[in-house]
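Some notes on the structure that comes next.
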Amino acid sequence: MRIASFGIFILLVFGCGLTALAQDDPIDMVESEIVLPAPASKVIALNHKYDIGEILDVSWESSTSDPELVFGYIIYRSEGDNKFDSVGAVLSKINSFSDEELIPGKSYNYQIGTIGASGVALSEPSEPAIPDWELFNLEMWNIALIGFIICGAVIAYIFSAKAGRKLFIRKIGGLEALEEAVGRATEMGRPILFIPGIQDMDDVQTLAAITILGKVARVVADYDSKIMMPVSRSLVMTSARETIKEAYLSAGRPDAYSDDMAYYVTDEQFGYVAAVNGLMVREKPATCLYLGAFFAESLILSETGNSIGAIQIAGTARPGQLPFFVAACDYTLIGEELFAASAYLSGDPKQLGSLKGQDLGKVVAMVAIVLGTLAATLASAWDIEIMQKFLDNVMLGIFSNH
Amino acid sequence: MKRTELVVSSLIVVALMICKFLLPKPLLFSPLVSTIVTILIGCAFLVIFILTVKGKPIERRIVFLVVGIALVFPFFMKVELPIRISPEVQQVYDKMSSLPAGSKVLAAFDYDPPSAPELQPMADAFMKYAFEHDFKVIMMGLWPQGPQQANQSVEAAWAYNPQWMPDSADEKVYGVDYVNLGFQSGNEFVILRMGESFKSMFPADLYYTAYDSVPLLKNIHNFSNIDWGVNFSAGKPGTVEWVQIAVDRHNLPMSAGNTAVQAPMAYPYLNAGQLIGLMGGMAGAAEFEKLTGHTGKAITFLLSQTYAHVAVILFILIGNVAFFLNKKEKK
Amino acid sequence: MEQFGIWLAALLTIGIISFLYKDNILYKACEAIFVGVSAGYWFVTYFWDNLYRKFYLGIQGAELSDQIFLWMAVALGVMMLTRLFDKIGWLSRWPLAFIIGATAGLYMMTYFVSNAFVQIGATITPPPSMETIGDKISFVLIAIGTFCGLIYFFFSKEHKGAFGGAAKVGIWFLMVTFGASFGYTVMSRMSLMLGRFDFLFGEWLGLIK
Amino acid sequence: MKRTVPLLITGIVGTVLIVSVLIPPAQSLGEDFSLFFDIIAVFAFFLGGGNLFRIHLKKVFHRKEDYGFSIVTLVGFLVTLTIGLFKIGNPEGISGSITAAGSGLQTIFVSIITPLSSTMYALLAFYVASASYRAFRAKNREATILLVSAFVILLGRTPLGMMLTGWIPEQFSIFQIPNLAVWIMNSANLAGQRSILIGVGLGVVAMSLRLILGMDRTYLGSDK
C-alpha cells in the first residue's frame, strides 16, 4: 500500500515534468508538419476499491504508435465541465494511472494525451466516474479469517485454562536455565546483566524483553541478587524501571529497589556497545541476558561476555544474528521462544493457554504447507489439472497478501 | 597501572612513533622478508595447533594478535598473487576500452565508507583510466555518502598523476571533464526520473552550480546521451535497481562493481546479458586493477583479505581437528 | 587542522582497538567521549527533527484537528515527565500504556501478515521454473524443512517418538540456516577492519602507498 | 484508577490498531502513531539524558572511582548539545539543516563519532575469528551440521572454493563448492528461515494479545 502510494507520488511528480514539457511545446506542434502519434483509446475511469474515496483508477488502451513514437502519456481531468487540466503523466508502455486526493462523491472524467516528438494527441474523454469509499477492506478477507481463527484459538485456550483445564507445555531448555543462572550469580555475589536489545519500545522484540524482565527481576528480588540494566533508549529505561519496581514490590522488598538499576547510556548503537563492553569487564557479571532486537553487536557482546566467564542466555527474532548467539552463548531462545518466554516463566495457566493457541496457528500453517506442496507436486509431476486449480484458487487464494 | 601493561603500552607507542617518523615511506618488504613473515605466521599456526591438541587452547588475545598480523603485514608485502582474470571482469574492461576519447560515462557511487575497502579500489582504477583516456565522467550517488566517495576517487587519480590537478599542465577541469551531481534521495525513483531528464533530479551539482551552467552537462538530457554507465554498489539501491530501470527501460549499456556479499544477486543479470561485466569484491577489484594497469589498494587489500580468510579457516580447522584427536584418545 | 583531525581519529581508533588487549585508560577515555558526544548528538537530532520539525512546524498553519492531534502527543510526552514528581508519577504510565498498546496492536498485524502469512504463501508457491528434477526436490525439501522446523517450535507436546524425530529434523534445518548466515557474514567482516587499518597505516602513518 | 486506566488505554488502542488494518478510513492510524511516538520519545529523552547527566554528576561530586571519565562524558555531552541546539558554525544559520556540511555538529560527527563507531564495528573481525576457533566444533550432530553448512558457504564465497573443487566435471557441477553454497542458500537455508519467521509471526500474535487483554501487565508497575 505504502509502496503503491509512493509510486503514485513519483509518477505525479513525473507528470509535472512531462506536463511542463507538453506545455512548452504547443508552438512547435502547430508549426511542424510531422504527424502526431495515434491517440490512446478506450479511456476508462473506475473507483479505486478499499480506500477512503479519494482515488480513481484510470486506464486506457495504448496508442498504436507505442513505443516507437511515444514518450509517454499525459492524464487530463475534468470535473464534468469539459475543462481538462493535466494531473499527471506516465512513461510509454504504461497504460494506467491512479489519480489521488480527489473529493469523495464528486464526478470526474478523464482524457489521455499521447506525447510524441511533434506534440500531443488527445483521446476521447472517458465516461464520468465517482470516487467512493468503503468501510471494510473485503480484499483482506483471508487475513481476517485466518487471523480470527488464530486469535480466537488463543483467547479460547486462555478461557479454558481459566476454567481450570490442565494444559501441558513442554520444558524449554533456555528458560529452565534462567532461574539457575540467576541463582548462580547470587552464589557468586556478582550482578546480573540484562540487555533488552538496542531498539525502542516500538519494536515488538523490545516489548518481549520487557515482559521477560518482569519475571527475571522477580527472581532477582527473591534471591536478593543485583541486576544491572544499561539501555540505549530513554523510553525503554522508563518502562524497565516500572517493571523492576513492580517485581521488587510483589516480592515484598520495595526497600531494595533503586532507580539506578536501569539507566540510559546513549542511543548510538556502537557507543552503547562500547559502554556495555566496558561495564562487563569492570563489573564482571556472573550472568548476561541478551533478549530483544540485536544487530551487529550480538557477537561483540556475547564474545566479551564469554571472556569474563559469564553464563549467557540470548534470545532474538532476527535470523541473521541467531548464529552468533548460538555460537557464543550457553542458551539461545530462537524466534518464537523469545515471545513465549514471559508466558512460560509466569507459570500462570491463563498465559500458558495463549501458547496453546499459538500452537494451533502452527497446525494451520503445517496443514497449509502439506496441502499446498502436495497439490503443487501432483500438478507438476502428473499434470493433474484439478490440483493446479486447487492450488491456484484455494490455497494461494487464502495465503496471498493483497 | 600494572607493570606489564605499562611495558606493553609504551612498546606500542614506541613502535607507532618509529613507524610514523623513522621508517621509509611507503614501507615495502623485500621478497625475502615477506616469505619469512609468511613462514612465521605459518609457524604460529603450527604452535597454536600443537597447543590446542595438547588440550591447552590458546588465549583469545593470541587469536586477535594473529588475525591482526594477518591483516596488517600483507600491506607491506610485494607478493605477486596469481591473479586470474575472470571473464566477467574482462567484459567490463573490454567495454571500457572500446569507448573512444570524449565518451560520456555515468558513474553511480552507491556505497558508504564501511564498504569502501572493496569498492573504492575499483572506483579509483576506473577514474584513473577515465582521465587517461579523456572520458567525460558524470558522477552521482543514490547513497548519501556516495558523492564523497566519488571525490575520493578523483583525488586518487590526482595522486596518481599530479598533472591532472587543478592549475596543472594537463588539468582535468571540473565541469568540463568531470562533474559530481551529488546525492539525491528517492532510491530507484531517482533512476526512473533520470530516464526522462537528469536535470529534474539534479537541478544543481554538488557545489550548487545550476545544471545548465555546467558545460559538460549541456547536451546531456537523459540516459540516451550516455555512452556507458558504471555502478559501484554495496546494496540497495544499487545494481539491481539500475539494471531494472536504466538498462531494461532505457537501454543504457552498463557494468557494475559489487561487494562480495552483494555480487551473487547481480549474477542473474550478468548471465542474461543485462549487465556488461561484473566486478565482485576485492578479487574483482584486483583483477580490474591489473587489467587497467593501475595497481592500487585492491591488490594489496586482496592479499590481506586472503591472509585473514585463511586464518579464520585455519582457526576453525585447528579447533575441530584438535577436538577429534582428543576424543579419539579418550576412547 | 586537517592533521589534527587525522591524529584525533587515529587516537580514537587505537583506543577502541586497545580494548582487545584489555580494558585500559585510553579505552575508558574513548568510551566516555563516545557516550557523552553521541548522547548529545542524538538529543540534538531528536530535538530538531521531532520536536521542531514534526511538532512545531507541523502546527504552523495546520487545520484545527491536526493541531489538536499534535498537541495530544505533546500532552502524552509531558505526562511522561510526571515521573519526576512522586505524587503524580503514576500519570507517566498512561503514555507508556499507549505506546505498548499501539506497538502490540500495530505489529501484531504486520508480523502476522508479513511473517506468518506471506511465508506460508511463499512455501506453497511453486518457483517459476519447476523444470528439472533438482527444482522439484528443492521445492519439496523446503516444504519438509519448514514443516519440521514448525514441529520443533511446538510447545504443547513433548519431543518424543515420531514427533521428536520430526523436531530433530527441524533442528537440523535450523542449524543449516545458522551455519549459512554465519558463513555468509564472516568473510565480509574482515574487510571492515581492513578499512580501519588502512586508515591507521596509510592515512596516518603513511606507510602504505 | 492508577492501573485500570492504563490497562484500558492499552486494550483500546491495541484493538483499534488491529482492526484498523481492515478498515480503509482508519488505515493511516499506523503512520499517525509513529508521529506520536517520535514526539513522546523527545520527552522521554529528558528523563534518559537527564539521568545520564545526574549519574555522572553524582560520580564527580562524590569523587567516585574513575570520576575523571565522568567529567569527559559530561563535557562531551554538553559541548555537543550546545553546538547542536544553537547550530554553531552552521553555514546556513539557525534555519539550516543540522547535518549541513561544515557545521559544528557535522564536524563532530565526522571526526569523533565516525572513527569511534566504525572501529567498534570493525572489532567484529577479531571476534569472528575467536568465536570460530573456540565455538565452532563438531561436538554433536547439530553442531556438525552447523559447521559443515557454515564451511561450505564460507568457502563458496572465497576463491578457495573454486580452487578446491574446480576439477569436478560439468555434469556433477552441483558438487562444486560455489554451486553447493548457492543451493544451500536457496533451499535448506530458506526452510529454516521460514520456520523461524512463521513462528515469530505467531509468537507476536499471542504476546500482543496477552498485552492487549491485560494479562501481562508488569510494565505498568504497582498500585502504590
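Residue numbering begins at 1 within each chain, and the chains themselves are lettered A, B, C and D in the order written.
The rule is simple: a residue touches a chain if its C-beta (ideal position, glycine included) is under 8 Å from a C-beta of that chain, and two chains touch if they have at least 3 such contacts.
What you see is a predicted model, and the numbers here were worked out from it, not measured in a lab.
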Chain at maximum distance from chain B, centres defined as averaged CA atoms: A
Distance between the centres, which are taken as Cα means, of chain B and chain A, whole angstrom: 34
Distance between the centres, which are taken as Cα means, of chain C and chain A, whole angstrom: 13
Approximate Å spacing (C-alpha centroids) for the pair chain B, chain C: 27
Whole-Å separation of chain centres (CA-atom averages), chain C against chain D: 2
Sites on chain C at which at least two other chains make contact: 16, 19-20, 22, 28, 30-31, 34-35, 37-39, 41-42, 80, 83, 93, 96, 99-100, 102, 104, 107-109, 111-114, 116-117, 120, 123, 143, 146-147, 150, 153, 174, 177-179, 181-182, 184-187, 190, 192-193, 195
Chain D residues counted as touching two or more neighbouring chains: 21, 37, 40-41, 44-47, 49, 52, 113-114, 116-118, 120-121, 123-126, 128, 130, 132, 134, 136, 146-147, 150-151, 154, 157-158, 185, 192-193, 196-200, 202, 204-205, 207-209, 211, 219-221
Chain A, residues touching no fewer than two other chains: 143, 147, 150, 201-202, 204, 207, 235, 238-239, 242, 264-266, 268, 270-271, 274, 303, 319, 322-324, 326-327, 334-337, 340, 355, 358, 361-362, 365
Arrangement of touching chains [line / ring / star / complete / other]: complete
Residue ranges of chain C touching chain A (in the complex, touch as defined): 16, 19, 22-23, 27-28, 30-31, 34-35, 37-39, 41-42, 80, 83, 92-93, 96, 99-100, 102-104, 107-109, 111-114, 116-118, 120-121, 123-126, 130, 136, 139-140, 143, 146-147, 150-151, 153-159, 174, 177-179, 181-182, 185
Residues of chain C defined as touching chain B within the complex: 14, 18, 20-22, 24-26, 184-188, 190-195, 197-198, 201-202, 204-209
Residues on chain D engaged by chain B in the complex (per definition of touch): 114, 118, 121, 125-126, 128-130, 132-134, 136-139, 147, 151, 154-155, 157-160, 182, 185
List of chain A residues in touch with chain D within their complex: 1, 50-52, 133-137, 140, 143-144, 147, 150-151, 154-155, 158, 200-202, 204, 207-208, 210-211, 213-215, 233-235, 237-239, 242-243, 245-247, 249-250, 260, 263-266, 268-271, 273-274, 296, 299-300, 303, 306, 317, 319, 322-324, 326-328, 334-340, 342-343, 346, 348, 350-351, 354-355, 357-358, 361-362, 365
Chain B - residues contacting chain A, complex: 60, 186, 189, 192-193, 195-197, 200, 249
